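Some structures are shown below for you to check.
One chain, chain A, links the two complexes that follow: it is found with chain B in the first and with chain C in the second.
Up next, the complex of A and B:
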């Protein structure tokens, strides 16, 4: 792990917040969201602001941009941009400053660009708003910055709409838009969280490259310690609106002073796979040459065909976990949906407890549904917001003829198992945090006593500390009930910690299949290697505050 | 795109054919002898026979249908039983006033309602927002004829700015036309403003919460640009749908306003025909309104792609 060890003490201060305090003035008790934040960023420096959801990272960035939502007000402190306090500035003065001197890129490149305007026009708009350049010059500059962010075929992309571009290309457009006027400060709010690892790697190195060329100060907001290890000069750790700890990146990762920082680092899942559990011969799920082809139909013209799953085969035995990893579009979710028969496979067999369910009709499937349950990615949307937890938990068993009192007793017992109080039964989903909701979603799935649990990116939306708890919970349930799990994820760290076997998918096909230790420890296929290489911070052993290579029984990753 | 338009135009044929079958059967399947219905209670058997002969009612049903469709395709909508004039020329003379007032209404409504809706969404939960919403509720709930009479009372009788009733075609000059058409159009506008402003507000509110609006603000765009360049175009499709269906309703003729302001339009023609059981006119009116509906819907669908590049056919 090569940390950045540049020294910026002599560089001019780009931006500095001094005792920045933000409160909710209209809420009872006027709770403070930011409690006296001091952050200093010098020219050319990359400062990472890390913390879990709700820690105030994004509020800090929005306060600097002057874009706080109406409910939030800065109540104290200063924000000095090159020595000038921004807080007393008028709306119009702040507008002039945005994009020109402080620019921002956001997490979701899919939604951050206006879908009905051409991306070229969205870039030139920045110059239209802030400069008096003639249209031809604006266009020339836009093309130039698009070349600098390494977009291919810029003339065509200039005329494209956002939906015609990939996620990585859209984020490059966002970066081009942010940097076209050479701002002093670039704020990047989780800019790579929604991207695949290989794209993430490219975007991170692009930001580094542009920063070096333009001398921009970068405030990088992230929850991903791996990203921090890759790009930060200085790290600020935030919790509940306060800076817990700050310092050069190596110091924070090697010698964290505060318990919170240590806990945060310790909950980063390790990339080195855990030992596989002993194999058993009791096969619960066997998938044989599963194919899914989309399209090809159409009445007036043939629609293009997409082979979303090509000859996928695997077996899963009782009590074990199979990981399916791959990037977006690799077909991992298609496979999961075929197994659950949410979509119909084009060909192949899916044997659940010995009977093939691949071609059963909806009615014939009914007795098998119970054996196959699912936990989805987004716990905010996978529970019915107008149903009590009790109703969500008991609906399945009631459908299969369990008596009401029996189902309620079981729901109460399972809530206990997943670590929630019994009175949670009579509350609604919005009264719980994301982690709690995911536990409820797991309890709902387990209520049916399934043989196989499909977890589709089930921990991807959660903070690392919560992620660790949910993974522990799955492990515990597996030991107690012997459930087999199909775990779909794009996160190799999570896969390494939970899977016994791993399948790596690329463009619908399985490129590598084997025990997790082999696949992630010594990958054979170039795509698997590329995925592992792109995992940020892979040379750092976060739990033990040292380099991987310094571990006593170091194994080359 | 061109292929799509062509396919949609071709799809109009089966729809209109279905309507035509319905309209044809309407008269033939009503209980009783169509000739007796047409001729009325006092007709002699000889008269009935003459009518049957003239309408081809002696022929088998499918022959009658083919003959009728053939006449339709040649633009022959039949002859009115009451006035004995060709239905096509009756409709032609009534179409002008209805179309003119419909256009005027839609133009005034859009010009008023869209800015009102945008304002209400932008200043969400402010006095301006509540005022727009209150106006919407009022515009919806007061009966059209009441609004019409109130306008006549204020603008015609008290202020004397506009004539009380009547209609002057545009061919007689723009100003005389507007003088007569303005009040009826304004009356209808109150309903349509309520409808379109509500729709604009709801969709703008949704769009203003999107990430790309935050991006636009982060670029330093002034509110005007944020609202009209970034937000309104994204909110346009459902607003357009309401405007389109509203227009289609208007060209079907609005009986109440036409009656209050004594305008010789399609609405009154239809109602008079129904009351007098003037079947050829009723049939023609059903065909015409269905056709206009299909046509307006087609235009709306095509116009979606002008506002949203993601919609491709």
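Up next, the complex of A and C:
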């Protein structure tokens, strides 16, 4: 791992915040969202703000942009852009300054771009508003900046609408828009979180390259410590609106001073696979040449066909975890939904405890449903918001004839197992945090005593510390109950920590299949290698504050 | 992230509606006006000073006089009594239409939203229904079935159904993709159970709003049908009937149309105002604007 180690002490200060305090003045008690934040970013420097959700990272960036929502007010402090305090500026002055001197890129490039305008026009529009360049010159500069962000076939993309581009291309357009006026400061708020790892790697190196060429200061907001390790010069760790710790990236990752930073780093899952558990011969789930083809039907016109799963086969034995990894569109979720029979497979067999459920009708399927449960990605939407936790937890058992009192007793017991108080039973989902809701969703699945649990990106929406707890919970339940887990994820770190076997999927087909240690440790297929290569911070052992390669000779006591 | 907590139970929006927090003055006045009209028509048999059908040939087309506060019509019948009693049937037809069309629309919309095979057929039928002008369709239906109350209700209900079906189907199509519905499938819940327990509550809030609009438009349509002579038989007073009969004497005695028309307008205006208030309160996107 080669950290950035440039010294910026002599560079001019691009922006600095001095005791920046933001509060909710209209809420009882005037809670402070930011409590006296001091951040300094120098010309050419990349500063990473890291922290979990609710730590105030995004509020900091919005305060700098002058885009705080109405409920939030800056109550104290200064924001100096090249020595000029931004806070007293009027809305009109701030508008002038945004894009021209401070630009921002967002997480979701699809929603940040106007869907009904050609992307070229969106780039020239920025210049139209902020410069007096003639139209031909604007177009020339737009084309030039699009070439700088390495978009292919620039003339065609100039005339394209956002939906005609890929996620990575859209984010490149956003970057081009942000940088076309050569701003002093670029704020990037989780710009690669919605992208696949391979695309993320390209975007990160693009930002680095442009920064080197233009000398832009970058404020990079992220929750991903791997990304931090790749791109940061300086790191600020935030928690509950305060800066816990700051310093050069290597110092933070190698010698964190504060407990919170240590805990945050320690919960980053390691990329080195954990040892696989002994294999047993008790097969619970066997998938054989599963195919799913979408489309092709249609009454009036032939719909386009998409082969979302091609001849997928695997076996899963009791108490083991199989990971299905791949990027978006690889077909991993299609496989999960076929196994769950939420969609009907086009062909192939799914043998659950010996009986093929691939072509059973809805009614024939009911007795088998019990053995097969699911946990979804989004904990906000996986529980009915109108139902109490008790009702959600007992829904399944009541369907299979368990008595109400028995089901309630079991629900109370399981809530304890997943680490929630018993009085949670009579509360509603919105009263819980994301992590707690995911525990409830797991409890609901376990209520059925399933043989197989399908976890579809079950920890992807959670903060790393919560993610670690939920992974531990799954592990504990698996040991106690012998559940077999099909774990769908795009995150190789998570896969390395929880899976015994791993399947790598690309465009609907399985490209590599084997024990986690083999697949992730010595990948054979070029796609698997590309995936692992793109995983940010792959050479750094976050949990032990050292390089992966230092592991054997520098083991701490 | 600031989030408004979702309604804890299906009944919560209803309770909140009744309390009307943050509502302006207009909806409160509308509520009072509507309440007075409804109470007056319900109590009409007791508070009406005369039999609405009793003719009095000696006192024809009289102005306000003792015993006839709003005067009499061309047969000497008491206008106040006729307007009050006539409101009963008008409101009843409106309410019945709203309930029947919401219920039928809910059932058909659920089926269309949840079963893909049924969807294409049902929605094409609904498209066809919506392509026919609703008044013409209603006139044709009444002409076929004769001018009874039941056939008038049916005639007004049928053109209203497609709108409800579309609304319910849209809600179901979004809600069925929710992970909690898929989790319920995985938990072995039967289709009827998922439909009724997980999906119906989602449709409640938009249906309340749609119901009020249907109520208003049904009262209006009934009046139009009666006015055109295609409504319930002319012997039974409804607001529309009274106005239809009054038309001939409009030049001599405009009150014959004025009073039932005023009741009708006030009623529709109040219902629509309350419907708008309900929509603002139930739609989280409009909530910010409301207060």
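Before moving on, here are some points about what is shown:
In this text, the second predicted complex is superposed on the first by the 547 of 557 C-alpha atoms of A that agree within 3 Å, B and C clash if a C-alpha of one lies under 4 Å from a C-alpha of the other, contacts with A are read in each partner's own complex, and residues count from 1 in each chain.
As a convention for this text, a residue touches a chain if its C-beta (ideal position, glycine included) is under 8 Å from a C-beta of that chain, and two chains touch if they have at least 3 such contacts.
The structure presented is a predicted model; accordingly, all values stated were derived computationally and were not measured.
In the superposition on chain A, A:430 makes contact with chain C only, not with chain B.
In the superposition on chain A, A:95 contacts chain B only, with no contact to chain C.
Applying the stated contact rule after C-alpha superposition, one finds that A:108 touches chain B and leaves chain C untouched. Once chain A of one complex is fitted onto chain A of the other, the partner contacts of A:381 are limited to chain C, with no touch recorded for chain B. Contacts of A:6 after superposition on the shared chain: neither chain B nor chain C is touched. By the touch criterion defined above, A:163 reaches chain B but does not reach chain C. Legend: residue contacts after superposition of the two complexes on their common chain; A:400 is shown touching chain C, with no touch to chain B. Across the complex, chain B is touched by residues 65, 67, 92, 95-100, 103-104, 106, 108, 111-117, 125-126, 129-130, 161, 163, 174, 177, 300 of chain A. Chain C makes touch with chain A in their complex at residues 1-3, 5-10, 120, 178-180, 182-191, 193, 198, 201. Residues 53-54, 71, 299, 340, 342, 362, 366, 369-370, 372-374, 376-378, 381-386, 392, 395-396, 399-400, 428-431, 441, 444-445, 448 of chain A touch chain C in their complex. Taken together, the chain B residues at the contact with chain A in this complex read 7, 210-212, 214-222, 225, 229-230, 233-234, 307-310.
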